[in-house]
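The following pair of complexes shares a single chain, chain A, combined with chain B in the former and chain C in the latter.
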Partner chain A sequence: QKATVEVLDHLEHLALVDFRDAEGVERLQKAIQFAEQLHEVNTDGVEPMDSVLEDRCLYLREDDVTEGNCTNELLKNAREKVEEYFVAPPGNIPLPKLEERETFLQGS
Partner chain B sequence: WVPVVGLEIHAQISSNSKLFSGSQVQFAAAPNSLVSFFDASLPGTLPVLNRRCVEAAVMTGLALNCSINKRSLFDRKHYFYADLPAGYQITQQRVPIAVNGSLSYSLCIDNKMSQMVTKTVRIKQIQLEQDSGKSLHDDTRNQTLVDLNRAGRLGLFSCFSPPFCPDMCCGEEAAAAVRELQLILQTLGSSQAVMAEGQLRVDANVSVHHPGEHYGVRTEVKNINSLRFLAKAVDYEIQRQIEELENGGTILNETRAFDSKLGCTVPMRDKEGKQDYRFMPEPNLPPLILYDAKSLPANMNHQQVVNVDWIHERLPDLPSVKRAKLVERYGILPEHSFTLLNEDGLTEFFENVVKQTQMKPKKVIGWILNDLLSYLKQHSLIVKESPVSSFLLADLLNLLEKKEISSTAAKQVLAELWKGEGKTPFEIVKEKKLELIQDQKELEQICQAVIDGQENEVMAIKAGNQKVLNKLIGLVQRETQGRSNPVLVKQLLEKKLSE
Partner chain C sequence: AALKGGLRFQVSAALKEGHVTPTELCQRCLSLIKSTKFLNAYITVAEETALKQAEESEKRYRRGQPLGVLDGIPIAVKDNFNTAGIETTCASNMLKGYISPYNATVVQKLLDQGAVLLGKTNLDEFAMGSGSTDGVFGPVRNPWSYSRQYKEKSVPKSCSEDEESNWVITGGSSGGSAAAVSSFTCFAALGSDTGGSTRNPAAHCGVVGLKPTYGLISRHGLIPLVNSMDVPGILTRCVDDAAVVLGSLAGHDPKDSTTIQDNFKPFELPNLTDVSKLSIGIPKEYHAPGLSSEILALWSKAADLFKNAGAKVVEVSLPHTRYSIVCYHVLCTAEVASNMARFDGLEYGHRSDMNKSTESMYAATRREGFNEVVRGRILSGNYFLLKQNYENYFIKAQKVRRLIANDFVKVFGSGVDILLTPTTLSDALPYMEFIKEDNRTRSAQDDVLTQAANMAGLPAINVPTGLSERGLPVGLQFIGRSFQEKQLLTVAKWFEKQVKFPMIQLEVKRHYHGAFQHQKSAFFS
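Then we have the complex of A and B:
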């Protein structure tokens, strides 16, 4: 399966990655091919495994307050703050459409 | 046109700490003060599930007739937003904790309380999921302020009626269903479900289509802050879609916000077409296993075990059961029980009055619903704030029962009691001289006087027109300033007229 321009564009939107050049796309293509080998295994009637932890017990915590109250420490990580709020840009700035942005994918 | 309404409801679980961390849960705390390293999504932190949230979800699932999944899974739902620092939300998309339930609610037909109809809405699923933080948009400075107190907060249930099962078709039904859900959650204690404090959030999915045809494109309506606005938003959106389609337009599969000031829905910014959430299993959380009486593990720390049967046995009476019990126990009408449960504290008030008075509950309910409740509504008070306590009202009703005052006088006394000046009903009756005249002779004299003064009416009665008797009774009442017992007066008049 080849990764089409639509798929690559979709990935750039979703994950905000940048397939900068032919090499980047080629690397992705190889990764897909490598993973596709999994399809050669017959998994009929086998439950998929999400995690090697699947047989472990999910630990349940008692409903006690044990953390929080460390505003100053947390805000030390913030580039900008206003009183005790983190500051972010005013909403998502969506990636422009394929035709309108400078990306390697344009030429493909 | 057939409107189809689906609801996505997020109820904040009532617990001390958050769903996946030990930070406190509290309304209106200082920004970012209830945030742990995990809630801030700092690298190296892991989610730890709160047992109380699991129990709350199971309780709610059982109360809503769901099948409880003994094995449920957690997933990540990815999207970018400033108030979601991890870039994903932990939820239960593939196998949630409870599925396929139902919620029954009642509606008055044509606004008449006397005609109630029961409807049922299907619940697709109940899932535990994280909440995001809160964004405050500062348009003047072109920035967004982010408070993560709510982040990772409680499990939210997201239970909704899927659009492919048309269970609700207008704003009124949607609001009634949500109201019943609120009462159920409050009764269970799983959520306080106060919409004004953001503990219950509702998004509506609305579409319209012609009967027999395919379902129409649906829009999602957000930013609904009260039950009243829910009904308005749904009805507005249905209307908007019908008008748009009748004018030859099309409906976009978009997200719209309800503008409460304008009473309409408007397209929301920041929503770019169809979202791809790239759901993936949450690798840090193994499956959630629940047990029942049969599958209880022998050698496990019981603090780690959630027993569905144990929870089922301890479910409190749900609102519908409470209502039925009230009707059976007190002989009141179903619509009365509906109102009693709908007002916080009113059932308790009613039952306290009944306990303290000889008056029959069927009569008491009239005083509660017509007099007490209408007064409270007029003055925007809740039952707890009533200046007239159940004790005082019972006292008053006892005077009425013992026929020491007339029902008209009782209403006058009640009006005085509202002033909350600390006087007892007995004191007010004495003060305003409202006691019924007990002296038979005095009453007879007044009756005679009235008869003597109304020759025409007397002739009409003797000729067979009984209705005119009421006029005479009214005149006696006027003479006695409402202090005569109408039943007794009628007897006396009839006796005299037949002589």
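Then we have the complex of A and C:
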């Protein structure tokens, strides 16, 4: 099983992280290969396990506000802000397609 | 008084009786940190705030009102725990300059007990790794590289061969914390443990490394890697100290809904003398490929120790052991893919100058902020989570996880109290050798013995056991039943007493800003 260029491109879109070079792609291919071993295990009738604490109830707090009013604290760590807003570049613009963006995958 | 640096009975007593003051203790530690700077164990040293905390502690001692055993005790915290007002970097460019607006619950608890926070320790970037070699601040050096024990056993290739090229890794990813405790710069340190990240460096650095049961200690403020497996880890120089720290940290936290709601009572460890009622399990699958003959021998010796003392020692089987590393690989990368999504430059951390669009800004930020290990895991995780792969990889791994957890349930259900296994496959590798293989390969190799405990959420502890032929520490691991830390630590303490692990004889070249030369302990003769 090897990931195709289409899948690699798709992953770069989803993860918003780049493969960077041949090594990066090879790393993924090896990771997929490594994971194949899972299929040796017979899991018929076995339920997936989300958490080791599955037999307990998660604790839920009362819906009361107990802390907050820390706008200034939180804004301190943001690079771009205006008054009490975090400033983002324009949205709803998809990442350029494989042929148009700067990615190692272009050559593939 | 010859204080060997034990919290419970020695240093605390000394503080109480006024033999040493919190500020003296703090200053000595800070000075030691400076003279061991070459270990690169600390990313940030919070000198000013530490001294202030020490002064406050001193006032309390003078009034005769210390907050508890931890009052005035210098500690260090791995740099993936949020610490208010102090930079928290996770050894990544993504968080360089990030000043936490809050304290992680475990940090707050330690501070509330009067502990003195010396600084943040080095790690693999975002705790991904088993060497503490892949952070942006460089690798951590194992203090034992500079020990008489190691130097005596190493044969220099030539007269001019510097000890520079011979130094060994700490293991990881909590290598900074392990090195800090091992080199006496603090009495206890916090690490984190997702696949063995506290126990592995503990074994290589000759210190006690405790991984508590999942759900016992709050993860609030611990920058998450794998939410279903992460736990804060405790590193100390003896088992009693680990129990003390555990006592101050465990318990339900309303801010972490994955902490159990059962009442937790801190405990003192009894001095076990009779082990005849104990049943020790030796899982045969932990005789893993690549296990060094030295460690195998040590493991065998330990089993005999228990047998000769009257305990029941039985071979057991955890049949799915060999799949746990693969299972971990899939689940870990999947959760990482999700957890790392929060780093987009918008609200905190590094932000790229790219501003054409939100998505391209995010992509550029993450491109610039994450190293290849982190990027690699995010991409792998996303692969396993793709619609066409979800069932075959992610769900499949979750099923295998249950099988692994069930293996332990069966064994503990058959009357075994504690499992005894090696912690690592070998003693610490020289850095030059370690980096010959990539991070993923190394992690897959080094986590084999530790990460099943994370899969099953069980408590586990590394106890330093002996020195290898190269003069480096080797530890053994005890795995206990869920939430039975008292039993686990009691057995560990008994074992620690039997093996009498030697103290590190740290030797530092004179030209290093030189507080100490041939001193056994940082503090006392």
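Going forward, the second predicted complex is superposed on the first by the 106 of 108 C-alpha atoms of A that agree within 3 Å, B and C clash if a C-alpha of one lies under 4 Å from a C-alpha of the other, contacts with A are read in each partner's own complex, and residues count from 1 in each chain.
Here, contacts are C-beta pairs under 8 Å (C-beta built on N, C-alpha and C of every residue); 3 or more make two chains touch, one makes a residue touch a chain.
This structure is a prediction, so every number in the text was calculated from the model and none was measured.
Contacts of A:5 after superposition: neither chain B nor chain C is touched. Of the two partner chains placed by the overlay, chain B and chain C both lie in contact with A:88. Contact with both chain B and chain C is seen for A:56 once the two complexes are overlaid on the shared chain. Residue contacts after overlaying the shared chain place A:74 against chain B and chain C alike. More residues of chain A lie in touch with C than with the remaining chain of the pair chain B and chain C.
Look at A:41: by the touch rule set out above, it reaches chain C but stays clear of chain B.
In the superposed pair of complexes, A:22 makes contact with neither chain B nor chain C. By the touch criterion defined above, A:14 reaches both chain B and chain C. When both complexes are aligned on chain A by C-alpha atoms, chain A residues 10, 14, 16, 50-51, 53, 56, 58-61, 70, 74, 77, 86, 88-91, 94 touch chain B in the first and chain C in the second. Every residue of chain A that touches chain C in the complex is listed here, in rising order: 3, 7, 10-12, 14-20, 23-24, 27-28, 30-32, 34-35, 37-41, 43, 46-53, 56, 58-61, 70, 73-74, 76-80, 86, 88-91, 93-96. Residues of chain A touching chain B in their complex: 10, 14, 16, 50-51, 53-71, 74-75, 77, 82-92, 94.
Here chain C touches chain A in the complex through residues 98-99, 101, 214-215, 228, 252, 254, 257-261, 320, 323, 326-327, 329-330, 333, 337, 344-349, 351, 354-363, 366-367, 370, 372, 375-376, 378-380, 382-384, 386, 392-393, 395-403, 405, 438, 440, 444, 456-457, 482, going by the rule given at the top. Across the complex, chain B meets chain A through its residues 15-17, 21-24, 30-37, 39-40, 42, 48-54, 73, 78, 80-82, 135-139, 142-148, 269-270, 272, 276, 278, 281, 283, 285-289, 300, 303-304, 306.
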